[in-house]
Structure formats: C-alpha cells, structure tokens
Amino acid sequence: MAKKATPTTTTYSPSPTVHKTRPSLFRTDDVNWVRPDGRGFHQCRPAFFRTGAVNAASGSAYAEFGNTKVIVSVFGPRESKKAMMYSDIGRLNCSVSYTTFSTPVRGQGSENKDFSSMLHKSLEGAIILESFPKTTVDVFALVLESGGSDLPVVISCASLALADAGIMLYDLVASVSVSCFGKNLLIDTVLEEENYQDGSLMITCMPSRYEVTQLTITGEWTTSKINEGMQLCLDASCKLVEIMRSCLKESAVTISEE
Amino acid sequence: MEFVTPEGLRQDGRRPRELREMRAEIGAVSKANGSAVFEMGNTKVLAAVYGPREVQNKSQQMSNQALVRCEYTMANFSTGDRMRKPKGDRRSTEISLVIRQTMEECILTHLMPRSQIDIFVQVLQADGGTRSACINAATLALADAGIPMRDIVTSCSAGYLNSNALLDLNYVEDSAGGPDVTVGFLPKLDKVTLLQMDAKLPIDVFEDVMELAIEGCKAIATYIRNVMLEHTKQLEYHRDG
Amino acid sequence: MVGLSTGEKLFIQAGIAQDLRTDGRGRLTYRPISIETDVISQANGSARVRMGGTEVIATVKAELGRPNPMQPDKGKVSISVDCSPTAEPAFEGRGGEELSTELSIALERCLLGGKSGSGAGIDLSSLIVVEGKLCWDLYIEGLVVSSEGNLLDALGAAIKAALSNTGIPKVHVAAEALDNEQPEVDVSDEEFLQFDTSGVPAIVTLTKVGKHYIVDATLEEESQMSSAVSISIDRHGHICGLTKRGGVGVDPSIILDMISVGKHVSEELLNKLDSEIVAAEADEEE
C-alpha cells in the first residue's frame, strides 16, 4: 500500500483560514490560474486502487486519490437479522464513517451524515439483488483521510470491493464530481477548492451500460452547464473504470499465480 | 406574581372558572382510520388513530383483547424557545403512558381480540394543558375511527393560585409552580378515569379544585359531542347530496 | 409499505402509459394545492401546505447568533424535517428518522445552494446585522403531518410560503462596540422586515414509471417508480439543486430530458404557488 502510483505532494491539509484570500482568484476568469496541486481544470488526480485490504472481509478495496484515502470492506451475503421481514431479494446495508483524524479539525467528518444513504442509492442499482435472497450484504466504508471529493472516491472504491467479494454486479460503478467556479468547471476538486465552490455536480454511473445510478447537483446551474459537466464526468468515469478493471485483473492474476 | 386581579380577571382576560376557547376538527389526516385536531386556546394537538389492525409484533398479541398503543410527540417548533429534544424522553414516555391507560380504559377492547389500535398524538403548539388536549383529541380521533367505546373520555386541568381555583391553566399559570390537577372523566358514567396532581393542597381545597376540573370536563364533553354530531350530519348530507 | 395486487400495479402502470392516472390526472398535472399561512403563532413565519392527501407544516424561527468566522458577511440557515407518526405508523419511535434525514438533506441541497452561497434561494448576506459579530440564524423546520406521496415538493412549497410569511424584527444597534465585544442591540417588537422570496426555487419531482415520467406521484404510484429526480428550479429557469432517488440507472439523455420537462412544469408550479401564497396572506389579513 505504501507504493503510490505517482509521487504526490504530501502537504499538511491546510487550515481553511490560511487561504482566505484565495476566492478572489477563483472569481476571475483567469484561464492561467493554477490549481493548488498544479493540475489542469479538467484533469483528475492520479487514482490508485488495490483490492484485498482487509483479510477478515469477504471483499475489500483501498483507494487513494491524491490526499483522499478510503478503505471499504464488504461482508456477506449473510443471513438477514431475524427481525427483518422475509424478502425475496437481497438487502444492501451501507455505512460511511470518518476517522477522527481524517479532517483538519478533529471529528469534522461526521457532518456528512447523508453519505451512507447516498452510497446505498448509488450502489443498489448496480447490484443484482435477486442473486442473494433473504440475505444481507454489508458495505462499510472508512475515510482515512479526507482530501476532497470524498463521496465519489468512496463509491468507486465500494463497487471495487463488491466485485472483489464476488457479489454479482451489472457493471462496476464509477463516480466523479465536478465543481463550478464562476464560469469554470473543475473536475475532482480537493478540499481547499471545495470550500469555495459555487456549485457541484456528482455523477455515479455504470460506464459499460451507459447508465446513471445517482446524480446530485447543488448551486446554480444552467442547462448547458449541466450538459457540459455531465459529459465531463461521464468521460472521466469511463477512464476511471478502466483503472478499476485493470486493478481487478491484476489481483486475479496474482491469485492464479500463487 | 399576580395571577388574578382584584377585579377577578386572569392574565389572559378570563374569569377564574372559564375555559379557553376550543376548536375541534375531525378528519385532518386522510390516510388514518380516524383523526382530529383539538385546540384549547393556543394549545394545538393532532391525533391520528390507525386500527384496529393486525398486531405488528406477534409476541404482544392478546387473545382476549385488543392491544392499545400510544405515542406522544412534540414538534420542534411547538414551544416558544427552539430546542431539539431527543425522541422518547422521559416526559413524553410518561404522557404516552397516561394517554394510553386513559384511552384503553374507555375502549371496549374485548370486542377486538388479536388486534392492535395505535394512537399517535402530535403537539403542534404547546401552551399549557397539552396532556388534556391530547386526551380530548384522541377521543375524537377514536370516535372518528369508529372504535367502540364505553363513553367519550374528556380531560381538563385546574389549578390553585392566589387563593383562587383556576380552570384550564395556560403555560404561564402552569409554570407558576402552584398545584395543578388534571382529571380525565367519563361524563355519562360519571366516573373519573385519570387524576394527577403535583404540589400540595389542603383536602377541602383539593375537592373544590377537582370539582372545578370535572365541571370543565363536562363542558368539554358537551362541546365534543356537538362537534361529533355536526360531523355526522355533514356525512349524512354528503351521502344524501 | 403499500400493499398492491398485481392487477392494481398493472392498472397504475397502464394508466400512466396512457396519460390517464388512477385519480383522473394527466402525467404532468398536480393535485389541488392549498396553502395556509401563519398557522403556528410562536414562529416568525409558518405555513401549511396540502397537496391532495399530503399535508406538511413548515415554520421559520429567527434567532440572533454569531456568523461563522469563515463567512463573516453571511447569516446561517438550517433546515430540518420531522416525520410525525400520525402520517404513517411506521414513523413511530425512531422509524421516521431515516426519511427525515433524507428529506432534510435534499431540501438543504435544493434550497441553500453551493458552499459559496451561489444559487441559494435565501440571500444569506441579508441576514447580517453587524458584520462578523451578529447575524440572524434561520431555523427552518418542517413537519410531515400526513403523507400521501410527493413529500419533497410539498415541503419545498411550504418552506417557500413560510419564508414569505416570515417577519424578521428590525434590529437597532445601540452603540458601536469595541473590536472583540458583542454590540448592544435593541430588537424591535413592532417593526418587521419581510423577506424577498422571489428567488426561492420550487422543487419538482419527476417520478419515472415505465417509460414515462409523472409529477406529484401518490404513495401508490411512488411504489411503482423505477427512479425519481427532484429538481429545484428558480424563476429564471436556473437549476439550483438536483437529487436522484431510486437506485435503478437511467440513461444520461433521459435525465437531461427530465430536467427540461421539469423546467417547463416548474413555471406553472411557481405561478400557482405565488398566487396561492398571495391569497393565503390576504386571507390572513381579513
């Protein structure tokens, strides 16, 4: 896990107040403006995936996008709780938690209480629930370090963990977000950018089926901008899913070699 | 603090033995089997009844009578100062229990064995006497649901401040710390089903205060009966129309 | 939840396909909407909205507080929703919590805009009293009293009506305080400032059943949905927020189509809401 896809600049997560002067930079339509980590506006952070991070789980995955580091473990399918009513399709139970040290201010991550239900909604459309009736699959995600665009990373990583656990899926799920700053669209924002964004758009999709399982938008958007943002996200998720797929293949090769 | 002026008027302009203005509306929640809104002055509660229906938790099923359940909830905006109370705190658990016991007593539970009746009361505005208002609303809702009852049960509170027995205390009078007697009453059977009091009162004064509360209950019963009659007439009109 | 037989399910689906729903509506028709304002006297503003059998109450309470040091020129707004067990026995105890959180977050996303405040229905800088020191905190609280489907649209409408009913007391700052002291203020009991609610968006939920989308779905129709998209749109046709519910994937082009249908419907809905709110306010003055 220590091996990184590219050398990332390891800086301390900056306290937001230090960058108080930044917003003026975002406001201008200065095309030459450089993002905090030197990426282009439409360039994603280098993604790193690895399956089998947790031995006790049926399947697990670790993902690292810049400073955002998450680990997802999948348990099951196992018998549903006795109190649950009979169900001829499987149940999906998702939970997203933050470590207390994941954010610049201790324990701030717990503010994102809706992430668990968002993860659930993003994944349920991709899982063939009919394949495991009367049972439950638990997906536990833990954000080790929050470096921006946490939810998309959690979702992509969770779908990889599901695949690693051998849960039947229609397709891998990839998730990407774009943020809008004035007239500019920035893909895969980091934490310090997120604090000043005018709006954000997150798409979760199954690239091979070309279907969107989840979409959220906040802030003010025109239809043309939504179009542009969606296209940007969809293209990026097609590339992202390739990386995920190669990671799965790699792990399969290692197993067969052993 | 002066709660009754020398002219015999209370802070909100009522006489000591006067009820606040009441308003009742039957059928506020279309999906429920029975529902009602009951207002006493600024206190406003909504009650909904679901059932009789199949018992949800089989272990609670009783073969000789119906299971009556009750939940009391307060809206976050119901009190003057905004606060976020956790659900199921001790006060609401106690009131839920009081309402459940009072209503269970007047429902003919033996007619509906192996079934369950849920009473949900929601306080929309609290200005003293929520307990009484909830019972009155629950009575109306149960009647609207067509659940067989011995009698309609009504409730009213009375207190004793500045050497005066006061009927139907509002929030200011209630929080003055004086004695507060809440009575639940079956008017036709002339029986008391609920009696609660905090603080202390001499026996003879207590009798006066309780008598006053019972008078209040009777007045409310007359009002509730009229509301139900009016509602039934409306139904008849709709049928004929 | 909703127990439906196969026949009933087919009836609902076929009706929607033929643009004639079980209650006689077309696909893009709302149920009758009625609005009543000032229903909760303790709040600064309140409204009750009925959409068919769905009934919700929204209240706005304003309290003086300190602005966030990150955004010294802005007030704070929070939205929370509670589901009363009167609406659905399943909401008993903690049963309604999941739905309450989901609705609260969807409403915050739809009405409060992005982190920098763009696209917000409420102008946060209008809530400031003394920059960096004193601002109004708005607590918007919703209560679901009766649920017959389409709660989000109803709550959105109720919040819009409650905000137009809200009067924020005028504050007179007595004396300029020192740098790190709270200024002394005098909150007026008589003079109130009204909110400009023309920018508050309306929420339109499009529910996809089969190949078609419908607005204002009832509980029975919602049980047949494959996915639903809630879009909040303001007067200028800008999208202020969007949430998708229902996990089944849809083609991106369908979402774009849904957005354009939503835009069209929202114009009508906004007009309807505005006229209802004006009528409710007039009623109240009488």
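Order of writing sets the labels: A, B and C. Residues in every chain begin at 1.
We take it that contacts are C-beta pairs under 8 Å (C-beta built on N, C-alpha and C of every residue); 3 or more make two chains touch, one makes a residue touch a chain.
Everything numeric here is computed off the predicted structure, so don't read it as measured data.
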{"item": "Chain ID, smallest distance between chain and overall C-alpha centroids", "value": "C"}
{"item": "Chain pair with more C-beta contacts, A-C versus B-C", "value": "A-C"}
{"item": "Rounded Å distance, chain A centre to chain B centre (Cα mean)", "value": "52"}
{"item": "Inter-centroid spacing, chain C versus chain B (mean Cα positions, whole Å)", "value": "32"}
{"item": "Chain A and chain C, separation of their C-alpha mean positions in angstrom", "value": "28"}
{"item": "Of all residues in chain C, those that touch chain A in their complex", "value": "69-70, 98, 101-102, 105, 109, 112-116, 118-119, 227, 229, 234, 237-252, 255-256, 259-260, 263"}
{"item": "For the chain A and chain C complex, residues of the former touching the latter", "value": "16-17, 23, 113-114, 117, 120-126, 170, 180, 194-200, 205-206, 209-223, 226-227, 230, 234"}
{"item": "Sites on chain B touched by chain C in the complex", "value": "28-32, 35, 42, 46-48, 50, 71, 73, 75-80, 82, 84, 87-88, 118, 120-122, 124-125"}
{"item": "List of chain C residues in touch with chain B within their complex", "value": "40-43, 46, 53, 55, 57, 59, 61, 63, 80, 82, 84-89, 92-94, 139, 141, 143, 145-148"}
